[in-house]
Amino acid sequence: MNDNFGFTDAPASAGRELTYLEAIAEGIRLEMERDENVLVMGEDVGGDFGGAFKVTRGLAARFGDHRVLNTPIAELGFTGMANGMAMMGLRPIIEMQFADFISTAFDSIVQFASTAHYRMGASVPWVIRAPSDGGIRSGPFHSQNPEAWFVHTPGLKVVAPATPADAKGLLAGAVRDDNPVIFFEAKPLYRSVRSHVPEGEHVVPLGKAEVRRHGTDVTVITYGSMVHQALAAADAVEPDGISTMVLDLRSLKPLDTEAILTAATATGKVIVAHAANRMAGVGAEVAALVADEAFDALDGPVRRLGGADTPVPFSPPLEDAYRPNAEKIATSIRDLAAW
Amino acid sequence: MVDPRVQIEMYAWMKLARTFDEQMVAMWKQGRGLGGTFSGRGHEAIGVGAGMALGPDDIVAPMHRDLGTYLVRGMSPERIFGNMLGRATGASRGRDANLHGVGDLGLGIIGFISHLPQSLPTTLGVAMSFRYRGEPRAAMTFVGDGGTTSGAFHETLNMAGLWQAPFVLVIENNQYAYSTPLDQQMHSPNFSERAGVYGITTATVDGNSVVDVHAACTEALERARAGGGPTVIEATTMRMLGHAIHDGAEYVPAGLLEEWERRDPVAGHRRHLTEAGIASEATLDRLDVAARERIATAVAEAERAPLPDPDTLTDGVYA
Amino acid sequence: MNDNFGFTDAPASAGRELTYLEAIAEGIRLEMERDENVLVMGEDVGGDFGGAFKVTRGLAARFGDHRVLNTPIAELGFTGMANGMAMMGLRPIIEMQFADFISTAFDSIVQFASTAHYRMGASVPWVIRAPSDGGIRSGPFHSQNPEAWFVHTPGLKVVAPATPADAKGLLAGAVRDDNPVIFFEAKPLYRSVRSHVPEGEHVVPLGKAEVRRHGTDVTVITYGSMVHQALAAADAVEPDGISTMVLDLRSLKPLDTEAILTAATATGKVIVAHAANRMAGVGAEVAALVADEAFDALDGPVRRLGGADTPVPFSPPLEDAYRPNAEKIATSIRDLAAW
Amino acid sequence: MVDPRVQIEMYAWMKLARTFDEQMVAMWKQGRGLGGTFSGRGHEAIGVGAGMALGPDDIVAPMHRDLGTYLVRGMSPERIFGNMLGRATGASRGRDANLHGVGDLGLGIIGFISHLPQSLPTTLGVAMSFRYRGEPRAAMTFVGDGGTTSGAFHETLNMAGLWQAPFVLVIENNQYAYSTPLDQQMHSPNFSERAGVYGITTATVDGNSVVDVHAACTEALERARAGGGPTVIEATTMRMLGHAIHDGAEYVPAGLLEEWERRDPVAGHRRHLTEAGIASEATLDRLDVAARERIATAVAEAERAPLPDPDTLTDGVYA
């Protein structure tokens, strides 16, 4: 994992640095301080334990047990419960122990929460924190990237920060949003990425992509852990004289179509990359958007990189074959640049 | 004994619900409806008895046979008929069908979704918000016998018992889930035992007695508001028509319906009121007429109301 | 609904005709006769009742109650149960009362069934019949087209017949397939479409698309109820001198990529249409595939038509605005032909 | 009384499981592991007692602490270690992690998935296939205390009771679900009552007595095979290490662990065998040595085994 990814816009060296995980934790703490309607719930989040990844550690001591609720193993039920709490004006931050278990809560998300405002004008302002993504030998049930299910579902919002600063800022943006927001955390970034995070209030608006690197030959559109792989790939192909733009989507729903089309048009050659299964993934939506609305500007096929059409395998050679990475992205950049 | 005026009010609401229901069924049979719809015939005592037990600050999530609860809670017949007819003036502004999506937090009503029994965890969440804020309020919802075999029933009751939430659940045991009788749903329809294992107070009432339902719900809601924890009330009744408007319910033995027809909740309460000298036939006749007029007005208004403008399709997907 | 859609390959008038619903029922009956491991299960499917749509009516009388099992309302549980039955060599045909309730069974499908063969070499040969699709004023919870969730999930197969003959043939193909197959039935076609269905054994292989109409100017790639709308649209634009090819995907997973690329290349102008929500739908995968692998042959943007990014609304003006139909497809064909 | 040879065999299997577990924990602490892993220390009597009660035609779906069941059922230590180390020779051929996916229908073992408690409905389906075909076989599975609060527990037991399926469930009540003690999971850990409401026979046994677990499971399986319906057995025990290898379990009171350490199932059974004169120390020492050798061989073979070829990535997604 490349953890020194030198963003053009936010050099890693400027100011106070936090890991991705620390940034999320700080974001939660600040939102709980700001608004007493904000609470945390999920399996093992409470007490001194603070969750499987320790993101919520210390919150119970600081804010009291009633604001940091340990739940039984009942994802459907406790997410449904969060629907009711949120309709009454609370702002639950739900921790799924792993994003993989979000399927257990499916009805409460894709049927109830997503439709409540359309059907009866009731807003459901919760955030589900979903530790997702693999590459860390966790096997098929602790490595999933299920964002496409939710991007396809009307009424939800979906974000996927790639940097500590965005992790903090999008967390705040998600908590303050009046809609159900699924916040996909990239587990492989938790402790591997450390960079500048603004102190105090820092809110990143939902729905805005960010250019992480400017370039003129090929555009890589991506999000989450693959932002770092794309940046490393861009570095790797630079000596070949290929100038790569990297667009970090940050929000997957709503998508920043303007930024996508601008980035696609700028180079005319587009690669969409994500760690999630490629087939019918979010990348398909982005590629299809480009193939429709930026068609005239295209100078080559719209390429897509994503997980293979298999469960996420456990063993290193298989998982490495399954996932995109900097090398595979670089190969695709070179190939497309030469088109 | 329940205040005689309250008992008369109960009759008025039940009659309004029954009249609404009969008018709805007639319209749908005449082809004046839109999509499918569910009759709550036979469930009036539950919907009204429970609805009238709610306090002004309580929140309720009724389901598809609880028309009485919506009405008692202040959802106008116009908005409900408007919803069923897909009008812009309906509770869901043409978004949701029949009694689905008929919610209004201003009236303390949460509209249900089809997926059974999603109202249970949602309502527990409402109850937990009261607990979170230390408010003396209660949240109530309903489930059919069929809905009790779903996972969300178990998850919700387990958490309601664990946290002793101010939560009240009425199980409407109406003998069938669509075409499936109780004995094909579960080994034994021992609802009170099932709820009792979670550390929840339970009660079983005659779901065709509005007075009994009201009393059980009142007690449960008061206990909940006072911090005494959750209650599950089994109200036994019978679904008197098909599952939905298209269903002739040929699978229900005729004798069973006849038996329950004799226990009709509206007629039964009327008999009780006159026999106990609480109201005269003339008084009740006037209420019958008022119900008919109220519903006729509502239907006329709903039928006159505009359909939604297609340009508003995407309005309200997001808050 | 256009129910006289005059396929080029299978004229509606040839031979014995059945409705789409009758064809499914016949397909189930024949499979149950052929193989006593085949059984039917679901809510209200048994006895004299025969399911919400009466597809399974008569089966209990014919094959006995033990082969037509009424289940309690417990989609997660009874689908999980079907996983176990299927691993032991039975071939359950599960009826979801409506496709909308398939989300309730989600874990049993997308976590267990889809991964069992990859993880432990155990095949799970069930079929879920999912009555889907709208246009018939059934509101947000009885009109859904959730196929994209499953096409994105490795290990599943997904089919969506558009004609009575395919409904029967794909049902047989799905039952005989050794993998979990989700069979999306288009409710609006149940009784509105009647056409030739071969008698006796008739098996349509999974993974093969079918050209429903040949054409040279524009290709519409679609499936399910929209096949009929696309054919009507093709008729409507013919007087304008536009020749439209219509490709019926039939299988959504595996996708017949060869047929898609051939059809796309043949005209260079592609429209992908489905009733499901457009955003990140199956159409995005098809469009992205075309934009990548058929790029050189493209003479215009790849268009997509699908449901709006809203729940399926109930009221006629809203539902009509929500859904694609022949008119909207025709407009898109005209627009693209003029590109 | 259980046949003395069987009692000695019980010891051998428990010791093998314990030795495997200790070796695994040591390797993972040394960094010779891959990913996370779960210790079943303290659960040996349950896994072995249940596994030995199974008949040759029965099917079992063990979970993450039932190493003993896998071993008894014939899954070799090589294949299990191979699985944990991501080898091509592992039970899942490098596809699934730790004890996940360790299944082989040829051995009558279904591998579990993480999502709790998915093994329950799956196993009910296996049982229903026996019923469908009229075969005198039974299907058994396990769930933790934590898994019992999930919807699938309720849905499965309701259907198992309804259809009186040849289904046996062992609840491994080990006091914790990850960091969450019983009193934060449910109002009262009354597992037998909870299962009883579904029309299921229930029993509670000392989960640290292999003889008791074996007896309860044998009885339940025989009843199931004979058409006597389902059984739920609560086996009380304690998870002796953290939830998974990375977890120090600081949240468990030290006194609780000490108390349960005194009831260690392997040491306890050894004491019983010698005190009852069933086996000598020397005999048992030989079994200890055999277990160590068996595991050493298995580890060596697994570590030598090749990782999967990346070209096989997509093999086996479909049958």
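So that you can tell them apart, the chains are marked A, B, C and D in the order they are listed, and the count of residues begins at 1 in each.
Going forward, a residue touches a chain if its C-beta (ideal position, glycine included) is under 8 Å from a C-beta of that chain, and two chains touch if they have at least 3 such contacts.
Small disclaimer: the values here were computed from a predicted structure and weren't measured.
Colleague: What chains touch chain B and also chain D?
Modeller: Intersection of chain B and chain D contact lists gives A, C.
Colleague: From chain D, which chain is the farthest off, judged by mean CA positions?
Modeller: So the farthest one, by centre of C-alpha atoms, is B.
Colleague: Using the average of all C-alpha atoms in each chain as its centre, how far is it in Å between chain B and chain C?
Modeller: One centre to the other, that is 36 Å.
Colleague: What whole-number Å value describes the gap between the mean CA coordinates of chain A and chain C?
Modeller: 32
Colleague: Roughly how far is chain C from chain D, centre to centre by C-alpha average, rounded to an integer in Å?
Modeller: Roughly 41 Å separates the two chain centres.
Colleague: Check each residue of chain D and list the ones that touch at least two other chains.
Modeller: Each of 92, 95-96, 100-101, 113-115, 149-152, 155, 158-159, 162, 184-186, 317 in chain D touches at least two other chains.
Colleague: Could you list which residues of chain A touch at least two other chains?
Modeller: 72, 74, 76-77, 100, 103-104, 107, 111, 115, 118-119, 140-141, 154-155, 308-311, 313
Colleague: Quick check of your reading of the touch definition: is the inter-chain graph here a line, ring, star, complete or other?
Modeller: Complete.
Colleague: Where on chain A does chain B make contact in their complex?
Modeller: 39, 66, 71-72, 74, 76-90, 107-108, 111-112, 115, 117-123, 125, 154-155, 157, 178-179
Colleague: Show which residues of chain C lie in contact with chain A when the two form their complex.
Modeller: It comes out as residues 100, 103-104, 106-107, 110-111, 114-115, 118-119, 140-141, 148-149, 151-155, 253, 272, 277, 279-285, 287-288, 290-293, 295-296, 298, 300-304, 308-311, 313.
Colleague: Touching residues of chain D toward chain C in the complex: what are they?
Modeller: The touching residues are 59, 91-92, 95-96, 100-105, 110-111, 113-115, 118, 120-130, 132, 139, 151-152, 155-156, 158-159, 162, 316-319.
Colleague: In their complex, what parts of chain C are in touch with chain B?
Modeller: Listed in rising order, the residues are 43-44, 46-49, 52, 70, 72-74, 76-77, 98, 100-101, 103-104, 136-142, 308-311, 313-318, 320-322.
Colleague: Using the touch definition from the top, list the residues of chain B that touch chain D in their complex.
Modeller: 149-155, 158-159, 161-162, 164, 184-188, 190, 193-194, 197-200
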